[in-house]
Amino acid sequence: MITVPKLSLADANNIVSACIDKAMEIGVDMDIAITDDGGHLIAFQRMDGARITSITISIDKAFTASAARKPTREYAQSAQPGQPAYGINTSSQGRFSLIAGGLPLFAKEFIVGGIGCSSGHPDQDEAVAQAGVDRFMEIIA
Amino acid sequence: MITVPKLSLADANNIVSACIDKAMEIGVDMDIAITDDGGHLIAFQRMDGARITSITISIDKAFTASAARKPTREYAQSAQPGQPAYGINTSSQGRFSLIAGGLPLFAKEFIVGGIGCSSGHPDQDEAVAQAGVDRFMEIIA
Amino acid sequence: MITVPKLSLADANNIVSACIDKAMEIGVDMDIAITDDGGHLIAFQRMDGARITSITISIDKAFTASAARKPTREYAQSAQPGQPAYGINTSSQGRFSLIAGGLPLFAKEFIVGGIGCSSGHPDQDEAVAQAGVDRFMEIIA
Amino acid sequence: MITVPKLSLADANNIVSACIDKAMEIGVDMDIAITDDGGHLIAFQRMDGARITSITISIDKAFTASAARKPTREYAQSAQPGQPAYGINTSSQGRFSLIAGGLPLFAKEFIVGGIGCSSGHPDQDEAVAQAGVDRFMEIIA
């Protein structure tokens, strides 16, 4: 048996609140999802002006970041035509996200979850997710 | 054109907090989902001891209650073998929930959303969802 | 942050070998799946005479037992027509299994995974899964 | 009637063990799947540090290699934009894998199965799968 750290709901909500602050700061309402180490949803918030299609996209970004243990932006690069992971987005019933805005959460060497944000430009989505990662770094400091 | 009332994220979180209070009162950690009038997720919270399978079930209950505009318990009755809605649970890609714990939110004659709770006995799930409906009634009073 | 125990691949293979011994003892080739606490596959073995359809069934039983934290047999009872969980088998894209042969693995109060067996009569499937639970109890003793 | 060779579970496990040895040699924990001539799973192992998303990807690579009877790398080429198999990765419910790391197993002219590996760079995945093919060549020598 192995022993691993795990996110609580309180941790997840703390992270989400940092994302919402950032989204308000840049003026783009977002869908924000937090998943655990298995890619399963812990907390979700859709700000009043966020897109309906981005509900699933944000959840899938968080799923991908936590279950594949990488920023979704990195897959966006390696999944381009001619690149080694081309086509990977149809795996996991099409849930494997290639769009920037999904970031993994690591506590030392352990993956503990992921953040997925969507509704803005992917650069904005990732900036909002990064605010959540920064908050998480404070939590585990 | 028609003018309709719509749930805000603040409303949804207010409703969720009433559900969490009730879940803590009865001592059963729950997955709690709030959907809008289109059946789309606004807010989700998984309490630390809630089931993984109930993530989807709670979201599906909220989807069904808001999009079909009825408590999921009522469909459980009409979907029994020999009854008129038998088999309806395979519709919407299997998301049409027959299990008590999904309740619609009406503002006067307007459907504005749904609450879905899961992880306990369906009677417990419905009691926790009802605490959310009660809070909503205070919001719109 | 919370700290939880987790199954290793060595644990999973140890459990599978106990299931295979039991399957050989009763003379029924089985599909045998071990999942982690998030319902994700760790190890799978299809004995030479086991059914093709039971590949998915065994994996889904293990998923259900671990992610819903109950023996699948219990859901078989509560999901009968007229019972409270009627229709639950269409949730999780139809992966929620109602057929005996899925058993959860608990280390004290923590869910750490599930065993799913299929190809025989469900009573045989469950007996083979139980042999795996018994082995797990020795591992954590 | 035709007589065809078929992989046993013992063969599959023998192949997997060669893959695991190779994965340990290169220092990348892998998800490893072996399928039969019908593309159906025989054996699966997730090494402790392997990715959750790669469970499905490794199984899909093995499925594709055995059922399409080609290395997945070859499809990556013919599925590029402007090439004849462009879009093929959405077939089989998105399970048709274009990512290197899936290799078919042939006994003379007969397809008998496939190996799928995932969690590293696709070149690493394919090197680990190739170690399994090499072992298989010893088995049938």
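As written, the chains take the letters A, B, C and D, and residue 1 is the first residue of each chain.
Following the convention adopted for this analysis, a residue touches a chain if its C-beta (ideal position, glycine included) is under 8 Å from a C-beta of that chain, and two chains touch if they have at least 3 such contacts.
Quick caveat, the model's predicted, so the values are computed rather than measured.
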Checklist entry - Among A-C, A-B or A-D, which chain pair copies the contacts of C-D, with over half of them the same by residue number? => result A-B
Item to check | Between A-B and B-C, the pair with more C-beta contacts | outcome: B-C
Checklist entry - Hey, how far is the Cα centre of subunit B from the one of subunit D, in Å? => result 43
Next on the checklist: Could you work out how far the Cα centre of subunit B sits from that of subunit C, in whole Å?
Outcome noted: 29
Checklist entry - Roughly how far is subunit A from subunit B, going centre to centre by Cα mean, in whole Å? => result 25
Checklist entry - Got the subunit D residues that touch at least 2 other chains? => result 48, 52
Checklist outcome for this item: Within their complex, subunit A touches subunit B through residues 8-9, 13, 38, 40-48, 52, 55
Checklist entry - Which residues of subunit C touch subunit A in their complex? => result 1-8, 11, 36-40, 93, 107, 112, 139-140
Checklist outcome for this item: In their shared complex, subunit C is touched by residues of subunit B numbered 48, 51-54, 56-57, 60, 76, 79-81, 89-90, 93-100, 121-123
Checklist entry - Along subunit C, where are the residues that touch subunit B in the complex? => result 2, 37-39, 64, 66-69, 81-82, 84-88, 90-94, 96
